[in-house]
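Look at the two complexes coming up: chain A is in both, with chain B in one and chain C in the other.
On to the complex of A and B.
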């Protein structure tokens, strides 16, 4: 009985401690999808695959100082064909959003990591 | 000696009773204190979760949906009777200036009702992130002082990257600010 009570108390504590972190991650995940939608709408991703990173640079300049991001674009075979981002050091919790797109008839996956500093 | 011990077998002295009583009292008071603190903490977490969900829902609807009906900004009267939900997006993460302009001219309480808020005060800003001074293009609602919950989302407006920042102010509640 004491063991069951101890487990319930322990799991409640773990749940309560982890809750705010999860909320922050959900916010970051929403932001990662926003940035991917913006990049997709303005063809930043297609441009990046073709070697033009000016769109990603626009995003980099526009982001608030505390918001960091990194975009990795992989081709159909999973090889990394582009990587870029805000340039700030990656640390702590981040959220990862994915978006698929085509460029020149080829299929790509963009992965957007977003974190706060 | 033997006779004395034998005579007091099974009896408790007053000092022992008093010590025992204080030990039990200490345990009960400690338990009550911990219990109260836990209940308060649970209430705070629950409030935070509710607020977080609410502000996320509002921000999500504004940047992802056109609202309902989709062309609500063309209506003669915009209030909670004619508009079921509010949205700024012409399409996913692409905002429409007409919707923002119409929202900015709306009555504060009407908009609060459409956003699904009850007693919360709100303040929404749309900031041009690509301008040198990060110009605020639209400010909707009232900016209150004090604690608030904030959700930031990113979108496009006329080809420019903008930040939609939704702030909710809650009365008499403790919550986090992000």
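On to the complex of A and C.
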């Protein structure tokens, strides 16, 4: 009987330990997609590849203090053409969202990493 | 002794069941949802890219109203769309780590659930067409064009046949504006020409030949010359929920894949 109770407790612990971590990652993934959607619709990404990062700076100012992000923009051949973000140190796990966009007839892929400080 | 063995086996089975259930729920908790979101994101992303590439946008407003904000012609539009198809099949595929295919269709936007089409002869957008792909567009309650032209209006020519199709035309020029409501025939040929000297904008209504087919109840807005007007087209349908979909079929493979047309606006459902 004691063995059964111990195994039930152990199984519950496995479930509880693994589930919340994924929910946090899921929220971070949502945040990364939302940020990319805003950056794409407001043309912050298009501005950034043209050298104007004021839109990304505005996103940085609007972020909660405990949430960090980094945007990398690559062109069609995979070369990094822009990188920017909140500037805080990266550590631990992050969520990665991606979005394509066009600017001046060229195509780009933006990668947004979001993590908690 | 025998009872002890039975209890041991029963305990082992119970433990295995609990462990299996726990690991199953832990593994299933989020992954399919994230996969679904990734697919949804891919479709929203493609819709945004298509609008950017074609320099147009669509929004649904209120009951059965679709509003297209557009400018035309679009030099190099056809080659840009073709390049985007290649991009999705190559760069996109490697960057997103998922197999994606974009089948490029004709330049048509379907106002679902009707058969009304907003389209162009090609993606270079030499003209804008509004027609019913299966009838005479009788489900259109309101069709209004608001043009903004960087030029001076010199002359307006109206050659119209009266009927029951209402078309509103509102044009703004550097030297003033022109606005008129027409009730035009669905079958004959009515043309209103806005002449700017070096270029013309012609609004042709009725039985236009579009893409090789006679389309009764259609309207074609054509630009001749160097003018590049922007145009807002309001199409009100006698449907409560209208969505606008492209003719592009996007397939995204993955844990939660999806194959569907790219929608620019989803149907707007009325409450109450």
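Just so it is clear, the second predicted complex is superposed on the first by the 101 of 117 C-alpha atoms of A that agree within 3 Å, B and C clash if a C-alpha of one lies under 4 Å from a C-alpha of the other, contacts with A are read in each partner's own complex, and residues count from 1 in each chain.
Note that a residue touches a chain if its C-beta (ideal position, glycine included) is under 8 Å from a C-beta of that chain, and two chains touch if they have at least 3 such contacts.
Since the structure is predicted, the reported quantities are computational estimates derived from the model, not experimental observations.
Student: So in the superposed three-chain picture, is A:26 touching just chain B, just chain C, both, or none of them (first/second/both/neither)?
Tutor: It touches chain B and chain C both.
Student: Give the label of whichever partner, chain B or chain C, reaches more residues of chain A.
Tutor: The partner making contact with more of chain A's residues is C.
Student: Quick check for you: in the superposed arrangement, does A:76 touch first (chain B), second (chain C), both or neither?
Tutor: In the superposition, A:76 touches chain C alone.
Student: A:101 in the overlay: touching chain B, chain C, both, or neither? Say first, second, both or neither.
Tutor: So A:101 only meets chain C here.
Student: Kindly classify A:62 by the partners it touches after superposition: chain B alone (first), chain C alone (second), both, or neither?
Tutor: The first partner, chain B, only.
Student: According to the stated criteria, A:35 is in contact with first (chain B), second (chain C), both, or neither; which is it?
Tutor: In the superposed model, A:35 contacts chain B only, not chain C.
Student: Can you list the residues of chain A that meet both chain B and chain C?
Tutor: Touching chain B and chain C on chain A: residues 19, 23, 26, 30, 37, 41.
Student: Quick check: in the complex, which residue numbers of chain A touch chain C?
Tutor: Touching chain C from chain A are residues 3-4, 7-8, 11-12, 14-15, 18-19, 22-23, 25-26, 29-30, 33, 37, 40-41, 74, 76, 78, 97-102, 105, 107, 109, 111.
Student: Within their complex, state which residues of chain B touch chain A.
Tutor: By the definition above, chain B touches chain A via 41-42, 45, 48-49, 52, 56, 59-60, 63, 92-94, 129-130, 151-156, 159, 161, 163, 176, 178.
Student: In the complex, go through chain A and note every residue touching chain B.
Tutor: The contact residues of chain A facing chain B are 16, 19-20, 23-24, 26-27, 30-31, 34-35, 37-38, 41-42, 58-59, 61-64, 67.
Student: Going by the contact rule at the top, pick out the chain C residues touching chain A in the complex.
Tutor: Touch list, chain C to chain A: 11, 14-15, 18-19, 21-23, 25-26, 29-31, 33-34, 37, 41, 44-46, 48-49, 52-53, 76, 80, 83-84, 87-88, 91-92, 94-96.
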